[in-house]
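Input: structures, listed below.
One chain, chain A, appears in both complexes that follow, with chain B as partner in the first and chain C in the second.
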Partner chain A sequence: MMITALLLIVQVAAQDPRLERLDPATRSLVVSVVDSAKAVGLPGEPLIQRALEGATKGALGPRIVTAVRRLATDLGTARAALGAGVTTPELEAGAAALRAGAGPDVLTHLRDARRPPLTMALAVLADLVASGVPADSASAVVLALAPSARDADLVEFRRAVERDISLGAPPGAAAAVRAANTGIRLGADAGNPPRPASRQ
Partner chain B sequence: MFDRDDGALDRVIRQLRQPVSIDPALDARVMEEIAADAAPGRLATPRPRFPLRGARWPWLAAAAVLGAILIARPWSAGGDTDALNAFQFVLVAPQASSVSLVGDFNDWDPARSPMQTAQGIWATTVPLPPGRYRYAFLVNGVEWRADPGAPRAGDDEFGTPSSVITVGGKGS
Partner chain C sequence: MRVLALIALACGAAVPVAQAQVSPALDAGISYVRYDGFLPSGAVSLAPSVRWDHPRGRAFASARGTYLRFESGNRSLDFSTRGSWFAPLARRWRGELGLGFGASDYASIAHFSHGIVDARVHLTDRDRGGWVSTSVGRSSFGAGPRPVAVLAMGVWLLGPAVTMYASLDRSFVGDTAYSDVRSSARLQRSGITLEGTLGARMLSNGAGRGIYGEGSAMVALGRTTALILAGGRYPTDVITGSIAGRYLSVGFRIGGGALSIRRPAPVAQPSARPHSSSGADGSALRAETRLEITLGERPDDAVRLTLFAPGASAVEISGDFTDWQPVELRRSTTNRDAWQGTFRIARGIHRINVRRDGGAWMAPAGTIRSADDFDGEVGVFLLP
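Right, the complex of A and B next:
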């Protein structure tokens, strides 16, 4: 009895105090997901932040748990696609790209085509899709830019596409035209990424 | 785990609580020994000698210059790219009475990053290490707004808009 109580006290003490903003039932489930993620080498902090976002926004417990579980799954898929040596920011950006609609194979191609860190390339891919560019077009253009473009070039490309969209251009067409300006042709086979360059 | 023997535990506690007797002359003996070792001619470690007697100051000056160069590290003018960079967040909200910036970088705590206003333009600056962060503005404590000048988070899973900012790391 005493030992059980002691273990419970130790467990509560080991929990992240930030999670006290969640109700007890939700907190218990979120802690379980975070612990499971950590056990397989995934970062816990993004999961905690997602739970805190839900708590601050007043979401119901089941919705928070669903969001945290979904993110844990995406982080795991991203890690499998990007490899074990990937950093937490790269994992987070990879999970965002997956959530946006990019396939795991796109992440793997990107890893092979570009020197690390991949954070910005993955983030630009996710941002392009979030702004309405079809996932296959966004994947193709980011993979084509990846071997040689600097992070700043990728960000500028994204801004140019978003600017065109805000001026009324269809998202897919905006990405295609901007890609053409950099010498990249997006055709009917946009979903098939170009063969990546060898990793340097 | 193990069975506790309260009797044994009490005995150990009583032993530990026994007063310890210390020789009152101990301090005096220790100080005598130190004084004897420090007497002239009995220093165990010889004093270091400079290679050129009388040329001590040029060596010291050279060491100082080398130290200054190492501290300043002019060859890394860009600094550590993984260091914190300050980012300014701005929202135009003339009718708002309060605006907070909340996101992955402040545990989504509205109290951590209150924004300051000047004629309806709310702004705050936050240092961020490399990474990808979700964030939003909380207006008047009740209304969530995305950053109109930043990409939207694709998955607004909680029914309110969020934005994302990505901070590049090394090799950016």
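Right, the complex of A and C next:
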């Protein structure tokens, strides 16, 4: 009994005090996921933040645990694609790109094509896909820009595409047009090309 | 309007795929209708619809039902569904395989149904493109099925604010044959979407002839609601069984996938000076609640966040840089709509939510709005 109590005290002392906002059962499971992630060299902070986000939003415990596990999986996949030397911001950006729909191979190609840090390129990739640009088109343009574009160029490219989309442009076409303006030929994927309107 | 709706979809006017893979909507309205050869009549309509998009834009499926009740007490029911799958890109070429089915019933007197399979090849080059297609299927009126074949081609041109579209098709339905030439334009600006179609039916044997045109205006009222005004004249559609007529309608649309309005959000790119995030996403509250990020001169300086929230009496933020603890912002002394706070934020990607007057957490304009893992949304911004 005393040993059990001591073990419990040690565990509580070792875990992040911010997680006390979670109920005990959820906290235990989240701590387990965080510890497992750390054991394989993944950062724990993004996982803790995801749990805290769920707590603030009033999510149920199982939902929080699922979200944390999913992020841990994404971080693991991102690291496998980007390599062991990747930083935490790059890992987070890589996980976001994967979540948006980019494939791990794209992350690997990006790592090979661009000098670190890759955070901005990965973030732009994730955002393009989240905006509706087909993942293959978004990957193609970011990979094409990656070797020579500065981070500021990537951000400006992203902003221009977003502006076109907000004006009604098909996302794929917007990316293709902006890429063409920078001298890149994408194969011009328009994403959702027009269809005969009369046969709905 | 079906034509225009599809053009809107084709031009990417639906809700961003990665955010809302399933987009339900409900249209309700009143109409004044005069079908060719019939007396004019008022009608009320209810039209639920749902659309599913493949997360990577490789396919979509949609379904729509319409209940129409006329002054006479008669009612019309209509249901249609359609799906398409897109082949991977091959340079500038892309294939599409589509399937559509529909059925309608008027006062238990007239029954129509149809099923169509179509194959399409698209060619896209920068801001313009075109396609050719062929469709085959069946159309039934009562118990008499008739073969359907359609050959079609079209071109489209994408401008900064306007999308233009033109098509030519030749349809054969049993012994009925006809051709349509159509041109359409769509303009979207600041929460208002204007669409218009002008067409001509010609070389017709049994499907009528003449000029037709429709126009519509959709005004976003909120994040998921819109007011729609539409009117015009449309031709007989022999395949689906709709009779030519004129109409004027006003209605409301409720639903995330219905507004034909893109989320805004120029990327939340911090700069040395505050910049303005323009654009409308169909969410008045979100559009009004706009985040600006001001970096300090040195990399280790605190970052100032400014939330513009007109009409709010309290504004809170919560994010990974606050350990997701709500933090109330201070109202600016120079601008009553501005709320500010300074934070230590590490370089990299960050997530943020804001809420006004204790309301729901939302992603502010000026961030990249994404679905969170908790049935809500989160704003993402990058601090370089």
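Throughout what follows, the second predicted complex is superposed on the first by the 187 of 200 C-alpha atoms of A that agree within 3 Å, B and C clash if a C-alpha of one lies under 4 Å from a C-alpha of the other, contacts with A are read in each partner's own complex, and residues count from 1 in each chain.
In the analysis below, a residue touches a chain if its C-beta (ideal position, glycine included) is under 8 Å from a C-beta of that chain, and two chains touch if they have at least 3 such contacts.
Everything numeric in this text was worked out from a predicted model, so none of it was measured.
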item	value
Partner chain(s) touched by A:171 [first = chain B, second = chain C, both, neither]	second
Partner chain(s) touched by A:135 [first = chain B, second = chain C, both, neither]	second
First (chain B), second (chain C), both or neither touched by A:116	first
Which of chain B and chain C A:163 touches, first, second, both or neither	second
Contacts of A:150 with chain B and chain C, given as first, second, both or neither	first
Touching partner for A:38 - first (chain B), second (chain C), both, neither	neither
Per-residue contact with chain A, leading partner among chain C and chain B	C
Partner chain(s) touched by A:88 [first = chain B, second = chain C, both, neither]	both
Chain B and chain C footprints on chain A, overlapping residues	18, 49, 52-57, 59, 63-64, 66-67, 70, 88-89, 92-93, 96, 100, 119-120, 123-124, 127, 129-131, 151, 158, 162
Chain A residues touching chain C - in the complex, by the definition given at the top	18, 49-50, 52-57, 59, 63-64, 66-67, 70-71, 88-89, 92-93, 96, 100-101, 119-120, 123-124, 127, 129-132, 134-137, 151, 155, 158-159, 162-173, 176-177, 180, 187-200
In the complex, chain B residues that touch chain A	1, 102, 104, 107-110, 130-132, 134, 144, 151-155, 157-160, 162, 164, 166-172
Of chain A, residues touching chain B in the complex	3, 18, 46, 49, 52-59, 63-64, 66-67, 70, 87-89, 92-93, 96, 99-100, 115-117, 119-120, 123-124, 126-127, 129-131, 150-152, 158, 162
Chain A-touching residues of chain C, taken from the complex the two chains share	2-7, 9-14, 16-19, 55-58, 60, 80, 82, 84, 86, 88-89, 91-92, 94, 96, 98, 100, 116, 118, 120, 122, 124-127, 129, 131, 133, 135, 150, 152, 154, 156, 158, 160-163, 165, 167, 169, 171, 180, 182, 184, 186-189, 193, 237, 239, 262-267, 269, 278-281, 318, 320, 323-326, 346-349, 351, 353, 361, 368, 370, 372-374, 376, 378, 380, 382, 384
